[in-house]
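Letters A, B, C and D name the chains as they come in the text, with residue numbers starting at 1 for each one.
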Amino acid sequence: MTTAPPDAPDVVRSAYAQLAVTDLDRSRWFWVDMLGLHVQYEDEDTLYLRGTDELTHHSLVLRRGDTAGLDHIAYRVRTPQDVDRAEAFFTALGRPVRRVPAGAGVRGIGDAVRVVDPLGFPVEFFHHTERAARLIQRYDLRRGAEVARLDHFNLCTPDIPAAYRHYRSLGFGCSETIEGEGRELYAAWMYRKQTVHDVAFTGGAGPRLHHLGVATHESHQVLRTADLFGALRKEHHIERGPGRHGVSNAFYLYLRDPDGHRVEIYTSDYYTGDPDHETHRWSVRDDRRRDFWGNAVIESWYKEASPVLDLDGRPQPLSESLLDESAVRVGADGLG
Amino acid sequence: MTTAPPDAPDVVRSAYAQLAVTDLDRSRWFWVDMLGLHVQYEDEDTLYLRGTDELTHHSLVLRRGDTAGLDHIAYRVRTPQDVDRAEAFFTALGRPVRRVPAGAGVRGIGDAVRVVDPLGFPVEFFHHTERAARLIQRYDLRRGAEVARLDHFNLCTPDIPAAYRHYRSLGFGCSETIEGEGRELYAAWMYRKQTVHDVAFTGGAGPRLHHLGVATHESHQVLRTADLFGALRKEHHIERGPGRHGVSNAFYLYLRDPDGHRVEIYTSDYYTGDPDHETHRWSVRDDRRRDFWGNAVIESWYKEASPVLDLDGRPQPLSESLLDESAVRVGADGLG
Amino acid sequence: MTTAPPDAPDVVRSAYAQLAVTDLDRSRWFWVDMLGLHVQYEDEDTLYLRGTDELTHHSLVLRRGDTAGLDHIAYRVRTPQDVDRAEAFFTALGRPVRRVPAGAGVRGIGDAVRVVDPLGFPVEFFHHTERAARLIQRYDLRRGAEVARLDHFNLCTPDIPAAYRHYRSLGFGCSETIEGEGRELYAAWMYRKQTVHDVAFTGGAGPRLHHLGVATHESHQVLRTADLFGALRKEHHIERGPGRHGVSNAFYLYLRDPDGHRVEIYTSDYYTGDPDHETHRWSVRDDRRRDFWGNAVIESWYKEASPVLDLDGRPQPLSESLLDESAVRVGADGLG
Amino acid sequence: MTTAPPDAPDVVRSAYAQLAVTDLDRSRWFWVDMLGLHVQYEDEDTLYLRGTDELTHHSLVLRRGDTAGLDHIAYRVRTPQDVDRAEAFFTALGRPVRRVPAGAGVRGIGDAVRVVDPLGFPVEFFHHTERAARLIQRYDLRRGAEVARLDHFNLCTPDIPAAYRHYRSLGFGCSETIEGEGRELYAAWMYRKQTVHDVAFTGGAGPRLHHLGVATHESHQVLRTADLFGALRKEHHIERGPGRHGVSNAFYLYLRDPDGHRVEIYTSDYYTGDPDHETHRWSVRDDRRRDFWGNAVIESWYKEASPVLDLDGRPQPLSESLLDESAVRVGADGLG
C-alpha cells in the first residue's frame, strides 16, 4: 500500500542525497561530464546537480570535505505540515532530531527537519524546494549518461527486518524481497512513488550507503555510459554490469565515483501504484535474483560501501550484520 | 495536484477500456498477434487482454458487436468506498448512474458503478479486480509491439474547458495544455498516476474516443511495430508516426485497428508525482506541439474518432465543437 | 557483380563529396555540431570533415562559395594505375577530363583525375589519400548524430537507364531498382563496396545532387538527431522521416543543411558482396518502396536538389526528365 | 589488402559451418527458437539454417552425430575456377584434399573441395550454392536473437603466427591483432569481406573451434537474447557478456549451445574494404582488448572449445599451445 499512516509524514519520493567528496573537480568530471547531470548552482565548495527531467532545484549535492561520506539522504513530503509530522514522529522514537529552518540548511530547500533514523542514517524531510527550468526537451544539453532523474537510495544495514518495519511505519510499500526458506528477509525494495523503489536495503555492516540509483530513459544510454568510460581508459570506474536485474527487471550499470561512492545507472522498471500491489518474493537460492542472466556479482559490490556521517558530520559507528550468512551462497542481495 | 477532493472518488489510474468490434478474429490478429497483448481470458464473444507488465485481469476488453464503438472507459479507485463515492458524485451531478454489482458486470471486475459523465462518456469506476499472473519477466511471451501496459485515454469533446473543469473536480492534475493567445484552452493532458496523463482531450465533435494509449519500454519496440505492419503489407493500419510528441515528449506511433479504433503506441514520458507539479503550457502556434520534429499531422488523425455508446449500448448523439477553429491552423491538438 | 571491367578503373567506394556553401559558420554548426562530423582540418575557406569510423583524411569538404552547389563527388580506386585507367576511360568517352596532380587538388588527396561524366556530373577518381587518426572507439568525441561514415551519393538525372548503363560499365553492381510494368527503370541503387549502394539515381531534371547519405550504427542515433533539431527549434531542417525505406530496408532521416543541401542519416542496410548478388526489383506501384510504413513522401523531397558545378565552378545546364511521369503516382523514386 | 594471390583461391567470405550435435531437437530449440535462425530445409538427421539477411541456402548445418564437434567450416570463392585453385593450392601444400562433386556433398552446395588445412582444420571451398527466398524485410518471421547472418569463425590454434601466415597466403587482410612487447602475436582477426573478420585465431590447444560469430543489426537484439534465456531459466547457456569488445569494437554476447558449441551474438563492427586498411595492434597488457569496459573474462571462455573432426569424421588430435603463456596475465585473446 502507499497510504501514509496518520502519525507519519506523507513521503512523496526520494528527493536528493548530499555526499561529501574530497576533490570537487574530479567529482565534477564524473557526475557532470560523464553522467550528464546538470549543474543547477555551484560555489567554491558545493555543486548542486539534477537530472534532465527533474523540475526541482537538485537531486544531488556534492560538498567538498576532508573525508568522503554520506551527509544525508532526503525525502520530499506532501505538505509543510508533514515536516512537523516528521519531527514529532522521530522525536517520539527517541531519535536525534534537528529542525533546519529555510535558509539555514541546503540551498534551494525550505524548512526541513533532519533526524538520525533508527537504522542510523541521517535523513532530511522537507516540502518546499525551488523550482528549476524545464530541461526535459533540451536534447542539446544532454551529455554522457543523460541521467533523467534520481531513482532511489540503496542502504547497507545489518538488520533487514528492522529496516523493513521502520519504512513500513513510514507508509512505504514493498515491491520485491529476497527471502530464505524460512521467509527470513535478506533484502527489500520499498517505494512511495509509483516505481519499484525509493529505497532498498542491502544486508551488511551499517549504516553505510551502498549506492545512489539514477534513471535513464533507455538501455542504449546505459551502454553509451560504459563506452565513454572505456574510451577515456577510465574503465576502472565500472564496477559491475551492464546487466539485467532479476529484482526490478531493470537494466543496470554500477560505477564508482572518484571517492568510491557507488552509483547505479538504471532503466526500465515497472508501475507499482495500485493500492493492492503485491510484493514479489525471490528465493535467495534463485541465481537470477542477482543478475537475470546468471552473471556472477563482483565481490567489491557487496563488500564495499560509503561511510555515513551523523548530523554533525562525524562518521557514524558501524554495526555488523546480524544474520548468520554463512549458510547460503548469495550475491546481489549483498550477503557475502 | 493529485489529492482527490473529499466528495470525489479517489481515482488511482486509467484501468481499462471496453470496445465493441465487428470481427473478433481480425481484432485478435491486430491486438494480440501484432500489438502483443496477452489473452487473459476469452470466450466466443469477448477477449480480455492485458500488457506484459500489468498485474490485474485486463486493460482492454474486446466485445463482439454489430457496430464498432466504445462501450466504456474505466478507472480504478483506491478503496471500495470510493465506488460509493463515485455513485454519489455523479448522482449529485444529475447524470445517469447505474450500479453494477460484482458478477453482473465485466469479468474480473468487482462491484462497480457506471455513469454517463458530463462530457457524455460512459465511465466505470471500480476497486476490486482479479489479480493476474506476473509476466513482467516472461520475455519468451513477448510478441509484436510488446505492449507493457495501458497508459491513457484520449477523448474527443467539443468543450475543452468543461472537460478540464470536470476532471479537476475529480482531483486530476494537469501536466500540459495547448492554449491560444488569450489562454483559451485547445487541449489538456490530465493525470492521477504519476505519468503525463491518464486522460487527454482533443477538441472536436464529441463524445468520441480519439484513441487508447498503450506503453512500451523503449523506442525500438515502436519502430519494430511499424516494421511488422510493413512486412505483412498491412501498412495502411499505420496512420501517423513514428514521431516525437512535443506535448509529453513521448515517442509515438498511431495505428488504426480493423474497425478503425485508433491506438497510440507510446513510450518514454516523465514523472509528474510531485504535489506542486506545474502545468506546461504550449502555444497553439508552436508547430512542435503536434510533432517535435515539425512533421505535419495527417488530416484523418484529427477528423476521425470512434463513436461512443451509452449505458444501453446505443450510440451517443454528437455535439459539434464550440470554439471557432477557423482562426488558427492547428494539428495534433485536434483542431482542424 | 563487383569485378571491374578490364578497361575501367577499379572503384573501391564512394569516398567524398565537395560542396560549395555560402556561410561556412552556419555549415559548421550543421555538419559538425549537429551531425557530429569530425573536423580533420580547416582553414579560412574550407572545412575537411570525416565520420568517426573513417580512417582517411575526409569524406566531406565544405568550400566557401558565392553560390551553393556540388563541386564534385569522388571515388577511391584500388591502385595508382586505376587513376590512369580512369583518365583513359573518360577520354575515350569524349568527356571533359582534367588531371589533378598531388598538391594541386584537394588537401589530403593524392594524384587524381577529374571528369564530367556522361550524366553531367563532376567526378574525381583518386587512390592516394592521407591516413587519419583512428577515432572508432573515441566515444568521448561523439556528438549529435554520431555519423560513422559516408555511405552513398544520390544523383538526380533525367535518363535513369543511361545512368544505369554508365555505372555498369564502371563495374558497379545493382542491388535494387524501381521499375514499371514494362520493366522501365524509375530508379536504381548501385554499389562497389559491400553495402546496398555507393550511388543511386533519382529521376528528374539533372544533373543535380539529390543527397549525400551518411551512416550511423543504430536507429536511436537517428532519432536523437531529430530530437536535437527539435530541441533547438531548428526542426525546419528536418525534411522527411524518420522512416524505414522499402528499398534498402534502411532506417532514414532526411535533413536540409543551411544552403538546402540534402543529407540522409541512414542506418542498417545489408551485405551485397557475393559475386552473384541478385537485383531486388520493386514495382513503382508498391507504396512501400518509398516508405515501408506507407507514409507519404514530402513533395520537396522529389522536386528539390542541389545544382552541380562544372570543372571550372560554373553551374551545369539542366536537362529535363525524359520519362512521361504523369502516368504514375510515385514518390521516393523521385518521379513527381 | 584484400586481393587474392594469383595461385590462391579468391575467397569471398566465411560462408557456413557444419556442426555435429547429439540431440537435434535440443539444438533446434537453441538455434531456431532462441537465436531465430530460419530453417531453410530439414530432414530426420540434419537442419539447414540461415540468418534473416542471408540470400544463400544456409550458413549453418546441424548434423545428428554420436559425438559433438565441428565437421568443417566453409568459404565461398568468387568463381568455379577458384574451387580448382583451392584444390591445387592445398595439394601443393601436401595437405589432405578431397573433391566433393555437386550432389555428393552438402545439400544446397555445388562442386566443392574439402581439405585439412595446415592448422588441422577441415575446410570446404565452394562457389555454387542455391539461392534462397529474400527474408530481409520479413519482420514477421523474426524470432529470438533475430540473427541476420553468419559473421565469422573463431579458431583455437597453438601457433598463431603460423595461422596468420597461412591466411595471409590466402589473401586475407588483418584488421586487428593482440601483441606482446616483442611484437609476438597472441591473436589475430582476418578478413576477406569488408568487415573486421571472417576468421580469428585464439591461442590454445588446437585445432578446436572456439566459436561461430553471428551478426544482429542492433545492440537491443543482443540484450533481448540474454533476457530470453533468463526468462526461461536457461541463463546457464549465457557464458559471457553482454559486453563491448576492445578488439573490433563490436557489442557481444557468448552463449553455449546444448552440446557446448559456443556462439557469439555480435553487432556493430566497421568497414575494412580500403586497399591499404591498416592493422590495429593491441598490447596484450591493455585490459580493454578483452572487454572495453574492463570486465574480467570467464575462465571457461578461453579454456573450452569444440573438438574438430577430420574428413572422415574422426576427432583430430590436439597440439598444445607453443607460446609460454605464464609470463602474461591475459584473457579475451584466449591465453590463460
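Rule of thumb we're sticking to: a residue touches a chain if its C-beta (ideal position, glycine included) is under 8 Å from a C-beta of that chain, and two chains touch if they have at least 3 such contacts.
Just so you know, these numbers come straight off a predicted model, no measurement behind them.
When the C-beta contacts at B-C and at B-D are tallied, the pair with the greater total is B-C. Taking each chain's centre as the average of its CA atoms, chain A and chain B sit 34 Å apart. Annotation: 44 Å between the Cα-based centres of chain B and chain C. Mean C-alpha position of chain B lies 50 Å from that of chain D. Across the assembly, chain C contributes 137, 218-220, 227, 230, 246, 292 as residues in contact with two or more other chains. Chain contacts here are complete: no pair of chains fails to touch. Note for the complex: chain C touches chain B at residues 219-220, 223, 226-227, 229-230, 233, 235-236, 238, 242, 244, 246, 251, 287-288, 292-295. Considering their complex, residues 3, 12-13, 53, 55-56, 76, 78-79, 127, 131, 134, 136-137, 148-149, 193-194, 217-219, 246, 249, 268, 270-271, 273-278, 280, 292 of chain D touch chain C.
If you check the complex, the residues on chain D that touch chain B are 137-140, 218, 220, 224, 227-228, 230-232.
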